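After this come two complexes, each holding chain A, first together with chain B and then together with chain C.
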Partner chain A sequence: MGGIRMTLPLKLTPAETALLDALDGATGWRAATRAALENRGLPNKRDEAWKWTDLRRLTGNITEAGTIAITGTREPDAKLPIRHAPTDILPRLAGALGGEARIYTLSEGESLSLEVTASVGVGHAIYVVEVPTGVSAQVRERLSVADGGFANIAVLYRIGEGASLDRIVSIGDCPGILAVSSGVDLGEGASLRQTTLTFGGKLVRLETHLAHPGAKAEAVMDAVYLLAPNRHADLTTTATISGPEGNLSQLTKGAVASHGHGVFQGKIHVEREAQRTDARMTHRALMLGDRAEIDAKPELEIYADDVQCAHGNALGAIDETALFYMRQRGLPEAQARAILIRSFLAEPLDRIRDPQIRDSLLEDLVTGLEALS
Partner chain B sequence: MVQVKDSIARETVRDVEALESSKYKYGFTTDIEQERAPKGLSEEVIRFISAKKEEPEWMLDWRLAAYRRWLQMEEPTWAKVRYTPVDYDDIYYYAGPKSGTKYESIDDVPPEILADFEKLGIPLREQEVLLGVKGAAETAADARETPKVAVDAVFDSVSVATTFKKELAKAGVIFMSISEAIREHPELVRKYLGSVVPQSDNFFATLNSAVFSDGTFVYVPKGVRCPMELSTYFRMNAEGTGQFERTLIIADEGSYVSYLEGCTAPMRDENQLHAAIVELVALDDAEIKYSTVQNWWPGDENGKGGVYNFVTKRGDCRGRNSKISWTQVETGSAITWKYPSCILRGDNSVGEFYSIAVTNGAQQADTGTKMIHLGRNTRSRIISKGISAGRSDNTYRGLVSVHAKAEGARNFTQCDSLLIGDRCGAHTVPYVECKTPKAVLEHEATTTKLSEDQLFYARQRGLDEEAATALLVNGFVREVLQELPMEFAVEAQKLLAVSLEGSVG
Partner chain C sequence: MPMLEISNLHASVDNGAKPILKGLDLSVPKGEVHAIMGPNGSGKSTLSYVLTGRDGYDVTEGKVSFEGEDIGDLEPEERAARGLYLSFQYPVEIPGVPTLTFIRESLNAQRKARGEEEVSAPDFMRLIREKAAILNVSMDMLKRPVNVGFSGGEKKRMEILQALVLEPRFLILDETDSGLDIDALKVVSEGVNALRSPDRAMLVITHYQRLLDYIAPDKVHVMSAGRIVASGGPELAKELEAEGYDKYVRAA
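And then the complex of A and B:
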């Protein structure tokens, strides 16, 4: 509220200075990106969209150049230079410094798996997945960043008319900093089912920006986060629904141990023309120990009157009554807790359609829980 | 079914029309002589205001410090409202009726002001009490038989009269204008003023701290249950005037007070600025209930004119087991920027926020609350009902923050929005921050239109369309209306009817 006038120029962090150096001599939108970075720095607490995730502070001293390796079940169909600038600073930087974009065009029934591994230092990458009209396909992305690394990744999904995509994103062990900005363009009558599983990192920020045409298209954006001490995960989504009769369902569940920090930000924007939209967003999370922190901002912005929109948000501890009951039945406390947390967190994963992937993510979840206790 | 829907669209058109100036019954100005400070804001103007109020030196210094701080601040832009920027140098910061502040007999009160109050429908059955010294006791005694409301009326910048003062004094309750309180109870004012909303809290609050001209002061002593509802009516009258009142209510240990606030302003082409501060302090086991019916002039149907309502309201549950409850019915103002909040500092303290915000025509409201849980076992409850019609935008913006030490904290939030017509907007922006595992926080929000099934059902039972719609809207806001004191509930229902005339009858 009513901040003091900023007269001093921004004092750049070493990481920012290194990024500016990398953009020296840039022209066009790349030069504009450089200027924006110089003026405002990397996203930080002063930016409304980054209120609870201070990327600027945590990237502070990472200056050396790193690499991001992307390996997949197959090579991309094309590699193209970036011509147009995205809006936000991170995808802009990824576009400016991430080299050519890898383009994957999926075929009917394809199941593409991508392994994204980032080394120490700052790395940028950008890739595009196209799902042509009428095609049903699946993509699984697994990402990790080494300790001392900062990976900035921009992803663009184009889902054609009547196409269907299951997207599963999982973040494995991630001692470094990871920021993924995904833009998803959904075609008329198309379907997106996106599920994310993360155990956090030094900082993990996963943004999904969905452009939803209404038009009987359906989108599911589910997520699960389980955070060990000193892990941070930020799940941010925006959905702009621009036409009538669209469907959106979001379910995010989380559990945070002592000194962990979970952030959920979701925004549903229903435009004037988007009559008869049905949109639901739910975030529920468990606080597992002292000094755990969870922040949430589930937002609705609605301009159409004939809609059904709702969001719910609930935070609390494990149900002591249930715990008591299970212990009474002879289960040791740690095990009883793990079972309760697992069943609480599993709900979004249970909605994954591919049984193999579903089981594999559930297994990851159990492993993560075991590591916690 | 289709028939019902079509007629809703027709009602919507009528909603917008309902905002036409003729429907705003408070849109009159009073033709009385005004004494004003020179236009614009400067240290001289602040000195003028302070001198006018015969304030002690410390008060002037306090104002000047706020002013200097304000010069370095920027107007906030994060709210979801758009408006023509305010020219802070084109406002009169002080306007008072020339004839003086307090009246000894009926002859002293300008008849125009009296007529004004009558039009406002203030429960001034106590008008004799308001006006004269003679007969006050009898009137008070008479009044004892019916529910009483003690009134402080603030006209532009100056508090013109406070009723039932004597009877309140018997109970030990201090109820007077804040300028009087600065003179008569400086120790209390000095101790509490700015202790909830600090001098430089935000842009508008800092401006208010520099230039506030009057307002109400209430002190309820230990163990006293205030014998009547206290009430203030604020009215802006003079052209090009800003109103900057400041209310300070202190409920000492074990006391209780219920306070009502009503606001109106005349119709004017230009925008009028209202930047008020309300500070509430509840000590151990005390309870404050603060109700507002806000009906500032909302501007005409094209968004011309209307009041900019930029208000900072905050309550501090400073003591154990204390409770502060905000209830608001917001139907007026062109722009509303208002977040009545509770700081739940004392263990087991309770904060409540019940709100109905209605926007129509070109109104924009960004309103909500903040519940800051600091103490153990603190509880808060937020019920917000937003109704948007016409081309208006209605935003709920709220924060629930639970500190690491607030073990056992509990919050429940429910925000429901109703859209009437397809040219308005309803938005929900809740912030939730939790730093302890020993808290439970729940938030629910829905956005819908009036249910066609329910309308159909009501009509099937013989209600005409208008009555059916009214029934549903009343049902929609019921949880909040029932929190209002009786005197206000009636007025609030009337206001809702006027604001949404055509569709809610």
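And then the complex of A and C:
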């Protein structure tokens, strides 16, 4: 065959056409975003990073404009237009169509709570959280999307030198489609403890991209997913560690019922300068039925030679022996299953430092389990 | 009417492909303690699983009645609520579930199934403290996840502790003596003997006569190749200890 590869023009979905219309007359990076969308469409299973999460297919007919309400324990400190274009298409779209970015600058000991609620239709939002040098603070984000909604949210965290942030993200009932792309810039000697809890949605994609300087900074990125039938959750993380003596620990645990679909993609990239990095990534999940689907892709890319890095990935089923043992003691099967799943999934949540938030997420987990049986 | 009546019981594993129990008859009257002895692989644990309704152990012929009721179609938890208790040969570890919580939830689930009131938290604590003292089980152990990191002997003590709290009507002890040193054996036997009563019966599965020195049986049965091949009084256990199972294995 010849060397010329022909690509047919992409047949745009109604959702894509609506996005292009919204970007009509755009200039600068917004125009480039429009062109990229026109050429490649929304992320779909032909994109390596989206092979298990076909956003394009599921958003297909959502065309009307929706709204995203962000309410919080307080107003943002500023609202600013986006000047720099993010790289990936979704945060670019969020930047181009989400209006001004809300900027929250946290103060020492602050506990910020944000409630993000998206309506029917397509909505975009972008917010930025700054944790200044040396400040310790906590942010809790709760997100949900209505049936028939597609919410595209870009988040940027800037954690200053020696600062410390506990970030807790929980996705409530989410019959709609949610894509959250979080960039996290970690300063030297800073600490991030991020915990995510999701019950999935029609489609939930949670991306975290961590820029880690090494430099005695520490990052924890934990997550839990529990998926009922027809729920989809995709947890995708990348961590780039660029300097020596950094720490990273990732623990993701999931449980998926028949016809649910869980995805974990984790990539740790350790650059040549990042000697004495200590990085570990674990994903473990339970298939709760024969037709559960779980896809996992843990990756380590290590260019430094003196590092301690490990990753583990294990899929399994409920321990039938334990189940029988519990039933022999009188526990009904559904209750015994729920106890086993809860104890399996609780581990990352147990690592949350704030006892109130920890208990509240554990309660959410129990509620989710009750709904499952 | 015996409390437990097993007649011509046939059971298989591997979806019927592997028959293990091959026409087993046994009856245990209320108030009695019967021992089953038999070589490894004769089907003793299988019998305990069939009686308690474990998935994968299918009855292909015969029947089991408990207090006059055919229990063949009951779920494990339904059998437990009727008072059948199995002390496992290999107690199972359940990470992440504190032993105290597990025992309390088991007790309350059984009571609920029987239409009884749940036990309040303070009453439960009083109860478990009292029973734990009998078996030398510490509060610290009870706070740890079920059987996780326990020694063999600790696991067996925990099995008997659960029996003391749940107060079952019928106990099956599957090699409760294995892995116990002599002191632990005494403690465990004391716990078991505390449960002896005219309203209760027990099936003590063991390999060795040793346990039967502490838990004196009313009757002893020899099991081989999935059947009861001989029955007698306590003297039969002594004979087995002295002469081994050869005679019965050949007879089977």
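General observations
Here, the second predicted complex is superposed on the first by the 367 of 373 C-alpha atoms of A that agree within 3 Å, B and C clash if a C-alpha of one lies under 4 Å from a C-alpha of the other, contacts with A are read in each partner's own complex, and residues count from 1 in each chain.
Everything that follows uses one rule, which is that a contact is a pair of C-beta atoms (placed from the backbone, for glycine too) under 8 Å apart; a residue touches a chain by one contact, two chains touch by 3 or more.
Everything numeric in this text was worked out from a predicted model, so none of it was measured.
Look at A:Ala322: by the touch rule set out above, it reaches chain C but stays clear of chain B.
By the touch criterion defined above, A:Ala346 reaches chain C but does not reach chain B. By the document's definition of touching, of the two partners only chain B reaches A:Glu299; chain C does not. Once the two complexes are laid over each other on the shared chain, residue contacts for A:Glu333 go to chain C alone; chain B is not touched. Within the superposed three-chain model, A:Ala314 lies in touch with chain B and out of touch with chain C [touch as defined at top]. For chain A, the partner with contacts to more residues, out of chain B and chain C, is B.
By the touch criterion stated above, A:Asp24 is placed in contact with neither chain B nor chain C. With both structures placed on the common chain, the touch criterion links A:Met287 to chain B but leaves chain C unconnected. Interface residues of chain B facing chain A in the complex, by the touch rule stated above, are 72-76, 78, 201-206, 404, 417, 419-449. Within the complex formed with chain C, the residues of chain A that make contact are 319-322, 324-333, 335, 339-340, 342-344, 346-347.
Across the interface of their complex, chain B is touched by residues 1-5, 48, 52, 272, 275, 287-317 of chain A.
Interface of chain C with chain A (complex): residues 52, 54-55, 75-77, 80-81, 85-86, 88, 91-97, 102-103, 105-107, 109-110, 113, 145, 162, 166.
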